[in-house]
Amino acid sequence: MDASLNGRGSDAWARSWTHLRVERRSTAHCRVTFDHPPINTITATTVAELAELVGLIEHDPDLNVVVFDSANPDFYLAHYDTEHDPARTAALGVGPTGMHAWLDLLVRLSRAPVLSIASIRGRARGAGSEFVLACDLRFASRENAVLGQFEVGTGVVPGGGPMARLSRLVGRGRALEILLVADDLDGPRAERYGYVNRLVADDRLDEEVDAIAARVARFDHDALARTKSYVDQVTLPPDSEFPPALADFFGMLGEPRLQARFARLEEMGLNTDSDLERSLGKRVVEAIADA
Amino acid sequence: MDASLNGRGSDAWARSWTHLRVERRSTAHCRVTFDHPPINTITATTVAELAELVGLIEHDPDLNVVVFDSANPDFYLAHYDTEHDPARTAALGVGPTGMHAWLDLLVRLSRAPVLSIASIRGRARGAGSEFVLACDLRFASRENAVLGQFEVGTGVVPGGGPMARLSRLVGRGRALEILLVADDLDGPRAERYGYVNRLVADDRLDEEVDAIAARVARFDHDALARTKSYVDQVTLPPDSEFPPALADFFGMLGEPRLQARFARLEEMGLNTDSDLERSLGKRVVEAIADA
Amino acid sequence: MDASLNGRGSDAWARSWTHLRVERRSTAHCRVTFDHPPINTITATTVAELAELVGLIEHDPDLNVVVFDSANPDFYLAHYDTEHDPARTAALGVGPTGMHAWLDLLVRLSRAPVLSIASIRGRARGAGSEFVLACDLRFASRENAVLGQFEVGTGVVPGGGPMARLSRLVGRGRALEILLVADDLDGPRAERYGYVNRLVADDRLDEEVDAIAARVARFDHDALARTKSYVDQVTLPPDSEFPPALADFFGMLGEPRLQARFARLEEMGLNTDSDLERSLGKRVVEAIADA
């Protein structure tokens, strides 16, 4: 859009990203595209880059709105992948809030004086769902969106805050269904439950989200930031709710039984563009032969 | 399903129930069917049996999921019936939480480390609605479900916690409509309001709820129980919210004017399979001639 | 309906109102119609009259239900209009709660032991939306209703409490969209978001709301008032949430830049029955040329 902007006092924005493409559409409007083939898993690298990006977002006085979309129409953000090296995830350490980098960046994104919008096409499960839940608005493709928290189906507690966020967003009954039945939700069900703001026809999603972002980019930053802050005070979970579940998640994930189960899921196609990944909500139970 | 299970260390489960049928489908999966002709009213006997059943549910380390359905396709749980003997209800005493047996069993069911599912076909009003609101998930027949809190229409405060639960589940506006207009909601409105999780076509309801329960039965109990507990911390009302409204309910019900009104409703067909019971939301106002 | 009632011990109700028409349908049922041509803006006069009316509502022991509708099918309540005299608004002073008259009357209406119903036909934006959010129930014309909080689009924080109320009513994501995208919502979207209880076909709206109000008018006042009070305890924002945003609103509105912007909006047709007012959500951004 405005190529000169990427240079104007924003060298940090223009750095070379690995799992993200960052396009500054205007001083007030930024678009971030997840691009980590084959299925946009979230790894320690993704977390480190997102943590850095959120730092830029929250300290840019000109920025009003940031849109997150995906380069892969089938996968928005698949879920977390330790890449067989949990030490790299552990080594991420804590962020400015004192929480683990993943929780930290989600909490800071939610509180940033900027409107964050997830434009969801394809699958957003596990940590991918946690990411969109930390965004302010969620628009999803009517024909092509899948959301879910499949973790309980594998035997672990979801670690990135969905109990805190879904409980407040969709109410107890629907939060418990999403988390404990642990199955996929298609777009219409996600909209009916309030998991996403609303659906947009797939061939109009990009244009409609662009129009919304361009509109918000014109607004006075101060009115936007203060109004968001009042909503934050009522709706954001206290920070203290997040770390215990993440500790559970890491603890459970380290158990040999769970390690074996995830190894079986990998054999079945986890972390690749496989039928397992395309139908993960339904097929996750196949890995529970030891139950 | 697995008849041997009813005997395996579970004599307590296999006792002879009066208003319930209890089928242990597997170690992890139990189905409870309300069967108290003619219209599944809740009486002191029902409360006592449910209190005992909840004790079994919350202390069974193998149980993941319990489904509550009805043997009567027209009435899930009609409402409370004192059977002209309020002393029996009063004599129920308090449960382990220190609250009246009805509140106590609802609160314990909500907190149990087990997923409870109401599979709703037919009418669930008053205490019947209070029961499904205490369950974790609510699935309802698309064509054949009626929910409502008719109590204010008779002149009493609903006593079993719907102000606490509906306020959090469906928001202030819709909770006030359900409680103060006190009329019936059909399935589609109940789903739109978030009163139930979602609707299932009547001829597929049993099979779909079965499939969900069978799925959850395979999950690791610990992951399920811990995840539910995190949702509980955010979504369950504090215990202190419940007793005042129940005290109001009993106090108001004891007034001669209300006694006369309930006597009139009984003459009109209350507690029987009557047109009044089938259209209770609409017809309850007919009893208010003294207003 | 019952003309004699307007005289029966209710001289205060029968006073001559300027922006309202007040009809006492029965001792328990009152209908208030906004009638302030050309577009039902809310001015200092409207606020003063509503404050007085709420005083009557909250102290009338016979009243069960009050319905608020509009004489103008295109505008329910347009929004606030200072009429070029902000001093008159400032001079409204504080009400019994110690808050500014506008916040005060909204808070007292929400807490009154009476069911308040907004029957919405036409546009309800800004303070008009704030008013309906303070009512207990919101029914809207399916074909002809528009709701929105356009304030952030003009550069100010909404002052009458929508951050507090929408956050609790529709959840964080949808509240942030309504407030920060600041665009109009039509009836179907408002219903899907929970902004209104539900839609009614335009040609049946009056009759259905009348039937609901007539039903509630027959109920025992004590059961209704106590039940509402239990919901209030769970769902009403603490008073302390309201004044800071109103202080922001007044502070921002007084800035020369905002004064110039509102002058431009007036030239474009603000406060008159203009295309700008009919499409305010979409067109508000046209005034932000200085951004």
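Chains here go by letter, A, B and C, matching the order in which they are written, and residues are numbered from 1 within each.
Quick note on the criterion: a contact is a pair of C-beta atoms (placed from the backbone, for glycine too) under 8 Å apart; a residue touches a chain by one contact, two chains touch by 3 or more.
Here the structure is a predicted model, which means the values were calculated and not measured.
Trainee: Pick one for the touching-chains graph, please: line, ring, star, complete, other.
Mentor: Chain contacts: complete, every pair touches.
Trainee: Are the interface residues of chain A and chain C largely the same numbers on each copy, more than half shared, or largely different?
Mentor: different
Trainee: Fit chain A onto chain B over the CA trace and report the rotation angle, somewhere between 0 and 180 degrees, nearest 5.
Mentor: To map chain A onto chain B, rotate by about 120 degrees.
Trainee: Using the average of all C-alpha atoms in each chain as its centre, how far is it in Å between chain A and chain C?
Mentor: Centre-to-centre distance between chain A and chain C: 37 Å.
Trainee: I need the residues of chain B touching at least two other chains; which ones are they?
Mentor: 168, 170, 194
Trainee: Which bits of chain C are touching chain B when the two form their complex?
Mentor: It is residues 115, 136-138, 168-170, 191, 194, 196-198, 212, 215-216, 218-220, 222-224, 226-228, 230-231, 233-236 of chain C that touch chain B.
Trainee: Give the list of chain C residues in touch with chain A in this complex.
Mentor: 151-158, 163-164, 166-168, 170-177, 179-183, 189, 192, 194, 237, 241, 244-245, 248, 252, 285, 288, 291
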